[in-house]
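Letters A, B, C and D name the chains as they come in the text, with residue numbers starting at 1 for each one.
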């Protein structure tokens, strides 16, 4: 790295992410030296919730974000359920899983085709042999694959029309299950939709059966598969990743966090998550200890920045502090350290062999983050197919939750982008406190009081900057590799 | 020449765009292409980031690039203290509020996509520390970010595609009509909403209609009965063709088993009672169907209740049909 | 192993197949593939003609090829004089009637696709010189070509996917349920129709419901009002989820502006009055809604009529909304 | 041709036609010497109509046939309108045109992709260089093009969901217009649907803009276009047609008949058909004189076979006459001669230059019949786009017809397969007589009293029979080239 004094540049607006974002880059010659992430929009949803009837969280919370709306509903419902004795019946739990998985899968498709890949169709890459294909398939708003992905996504979201009324922003997810029961024929229609989504993914994205993708065990298998793989968007991505060395780009701390997904999993009478909770730090998989989470407002335009708080005691009072603060985003820390969350965390903790291998080899990078999402794009339809088969029309879908108690409760769920937590406090039958930590809050957190950068900030350090670049492509790839959602980040 | 749209997002959740991407029959890209519409820039669909976007905005403001419609998704944030600093457009250092105000002046039409952009919506929910508002309304009151007097170059007010989220067809339909010059002032209702969907009530086409007729009502989520009496449904008053047009291949709020919370209306975010509960006075729901005198409601509903067939009485509180309609062939 | 279907057409119009080809979300071929269903032969979709088909039929009869479901579209013609000669299967010299009778014996399930095959339908309309009947019914009466005693190898009666035409989902849904072994005797209504669509009334989800509530009625085709009082609509009695499921991307009879003529019912072809006219006695429609006491109808309708808001009274006889619903924000 | 005594063979059942059909072939060595067409199913719809209220024809008539249901509605509505003074308003006429054109276009797509082309994917043609492509695209029930055509067709038929309630069997078509008015937004949706259908046809079927296809003026243009045309199903068809010499196969009498289509055409206030009525006989285009039509029952299992009748006086009384009669189908004759009807007739009379050129060169053959349909597949979307633009939301869609008079009336319309006529007689307010001549009744008519074969019977004479063939492929191509509908033939 060169020794030129760094130049500060403000990159933004970013798009093909959810919401608005700018990044302060200190560029030293041909690379980024330091980065500061600014979530430029404050929304204050936590404050709106205060004073309302607890159940109103089901209306307000999803509207934090239109892309992970169901995740918010799910976390809110879980928090509310924590204030009652209710046990959702099996159908209710499974249906909720299907609804959430539908959203997650739609998000994964949207991210890959609409947000992430179009960058490779940019003229900047015109000299690469894969550029023609990338242009044809991925050009923003025009590529064949973009149109096809939108079709697949729309078809997939018919699951919402059947199970959840509509998407985004359903009220179908309730503490006691779901608000809509369906009959056997509707189950068949769900199966039909999933079959057609699977066919699309197999024909366009992977070029092979989803089962094959799920079973990719290590880099060697991946390599072999590439040699023999038919033309597919996945193959094209692998080509691109290889030439652009995406597996060396955007490594952060290799600390990962997941609260676990799919409670009930395959077995409707078992509420432990199918993909377990856990953290990865210093190469080891450890238990996830929510009590070790705190929020730090040191560099956020918020009050109460003097000390860190556990979320249950957190506040969200905007307070411009120019000069110090540079974002609306809080800095969540677990056991004092920044953590990265998302598909890569889930697959690592779950022990998906290929992702473990990739991370073992090169850490969490642009490549391994996207690969983890691709693995999930193959895994989710398979799970959903099973769940649909486990539904039992005729059995109940909902159990009444009775009156909710006063008290504290937390609802966790894995959203597409990672671990989401809602910390709820009810007093006198009204919401007294509601604090949310969203996945991108973790990933795009600012520095903490100790000056430790957040995961993205860290990942950007050292990113190559080519001459004349204002919003360096490497920065864009790294930013988008986290699949950020700024609506969630600051809610 | 295509009809050029610039789409900006501010104080919202992005859900209106997410919904728009669900457009079908035909899909979004074909629909737009078919209607001769193109995006100058859209946050989810365009390639350009950063400087390129700033350059584009400058050209638009400079009149170098024609802006046929400015679409705004999300409420405008006027706080803190009228500075608009709660949302600075990334990379520009300038509040989105003033960007929008400036761009609205050069746009041929201004479209508020979603209830946030139209009236403030959820983002303006109390205590509204953001001082959020819509483009042309602040809740029920004309005004908002552009001021009550605002009219576009053709004399139209801001077109409020209200809804939270908006239905993809509401957006594509409005844009196509604008692109073909077929949306006039009389095609908007008194709240600036396109009448093609706002002249319909959500109650129209609700599959729970027969339960409604007999006031056979659901008591819990997943019950089949009408959601009006207990579950907070205001579909009889809500403007929107949700149960006619349907969502995501055949859904709607009431089909999904939950209340219509009137999301196309200004201030829907402040019903004054828990959303999914019907407020009553003397056992009579407070919000009565549009145009219905309370006396008639009382008379009709008590009568109806007295006549409720067992089928409806029982099915109303079940999650699947337990008493099917009789299947005698009709008498001739 | 796929679930193998043989599809034969007899005294019908082929419309049920034409409708089936409209299956969407997903399309027909994907739906069938997804449900593990294949056609041994289908008149519109298969390659084989002539001898190949005859050879196939022979193998099926000989038990060499498994027949999981025999689907018959169209009524069975017993005439002239019980010979079945009104339809000889091309090239075979043998009446379709006896083909079907023989094949039904070796089939695991027998499915009547459409009201013709189910009950005789239009093809059996009087004077019925064809002596046409359904597979398992002759109009409203059990019997038909296979005899009332018929049961398939699993004990099921003929599955009557009644409708004229049938909705594509009714057919694919039924076949998928059969293929997965999920359609039992209790899933059929007393007329052999799959309850998943026959337990719903056409009136459920009709977009004219508010007009119905106030008895604000259409007088002519293209009027917006309810079609029950004058235009022959019997959606309140007709079994079918037409207004719930919708047709061809969002249509239905009543949405199309015309009456539900109860096409899923036996003998719908003989209403005893002109189809698109409501027969009345003393001003009261003869066919009242299912389970509706006449007293209540009289009381309610006269009261409702008296309470009809002007909006509905006027719109009912217009072809577009002339009086929109008020759009005051709701009182809180 | 050899002199072996002919062998009689009964070919059937035919499929990928509408309804059931068998053909008695007298095969002399390597070719068909004589053919007799047997419509094997009698349906008696005309008899059901007798005694009913005239308006009931709108319910019963469409159910003659599920593939040309709207054509039947249209003919019935026209016949009924003839008994009143009613003039449908412009919107009503245009909407009815759009509805009918939608059906016609759907039928054309269905015929080409589902009924006609799959024969070329048969193993019998495996030795042709185009067979691989034919198999991939057209294989019955499997070909990519088949699935795509079904998608396009389903999307196209959304027009019915918007304008006609559903399809088949709508009651939207009324003597006084249509039963459903739509608003401007719905018109936009119609345009959207048409745009997407157009895109499908251009991308898959033609490989070029529809306008280009419509303008194909002569064989030379066609040839040039083929040289430069990109890969498309149309191109593939042309290759196949060339190798198999489809332009020499299945010529009948070269007598063609059309009653004219699209009354109102472009100008809503003009009721003359956009595509004019007329007949072609002995190479000349002459006026269409319906009064010269008679029906002959000489070889039909019907009573009243002793003499011919004008349809208005016709009867339909089944009466098995084994030994003489061989079909349930009547033999319609115009000026004593058999006529062929369908797209080829419409395009000839209209003067479409390419079709005129093809017929001038080789007559009505398998090739020219299919080409005429392809031309219409390009022409119809263009017309429909215009019509949608001509709709005026707010103006009326329907005019009441008052009471219908007693008397006689005839309703003509061009169905996909050709000229359809309904002859109606009302007495005492009830239907006293209803006679129908459908397109395939013309095309697949049996011999008449003079022993003159019907058009298909004639077209089959000389068809080549390869050794071992039981249902000769040439016969199948010829039969399907007429796009037969047996449900219509005998109703």
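Methods note: contacts are C-beta pairs under 8 Å (C-beta built on N, C-alpha and C of every residue); 3 or more make two chains touch, one makes a residue touch a chain.
Everything quoted here is computed from the prediction, not taken from an experiment.
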Measuring between mean CA coordinates, which chain is farthest from chain C? A
Could you work out how far the Cα centre of chain A sits from that of chain C, in whole Å? 46
Distance from chain D to chain C - Cα centre to Cα centre, in angstrom: 27
When centres are defined as mean Cα positions, the distance from chain B to chain C in whole Å is 36
Please list all residues of chain B that touch 2 or more other chains. 25, 27, 30, 246, 249-250
Give me the residue numbers in chain D that touch at least two other chains, ranges are fine. 155, 158, 183
Based on which chains are in contact, what kind of graph results: line, ring, star, complete or other? other
Given the complex with chain B, which residues does chain D contribute to the contact? 155, 158, 183-186, 188-189, 191-196, 199
Taking the complex as given, what residues does chain B use to touch chain A? 9-19, 21-24, 27-30, 39, 41-51, 53-54, 77, 80, 85-93, 96, 122-123, 125-127, 129-130, 164-165, 220-222, 242, 246-259, 261, 269, 274-277, 319-320
Footprint of chain B on chain C - complex, ascending: 25, 139-140, 189-191, 193, 195, 198-201, 203-210, 212-213, 234, 236-237, 239, 243-246, 249-250, 262, 265-267, 270-272, 287, 290-293, 295-296, 299-300, 303-304, 307, 309-312, 321, 324-327, 329-332
Within the complex, chain A is touched by chain C residues 25-27, 30-31, 33-35, 169, 172-174, 176-177, 180, 182-183, 187, 194, 196-197
Any idea which chain D residues touch chain C in the complex? 10-16, 18-22, 38, 40-45, 47-48, 52-53, 55-56, 58-60, 63-67, 69, 110, 114-115, 118-119, 121-122, 139-142, 146-147, 150-151, 153-155, 157-172, 174, 176-181, 183, 318, 320, 328, 393-394, 396-398, 400, 470-471, 476, 485, 487
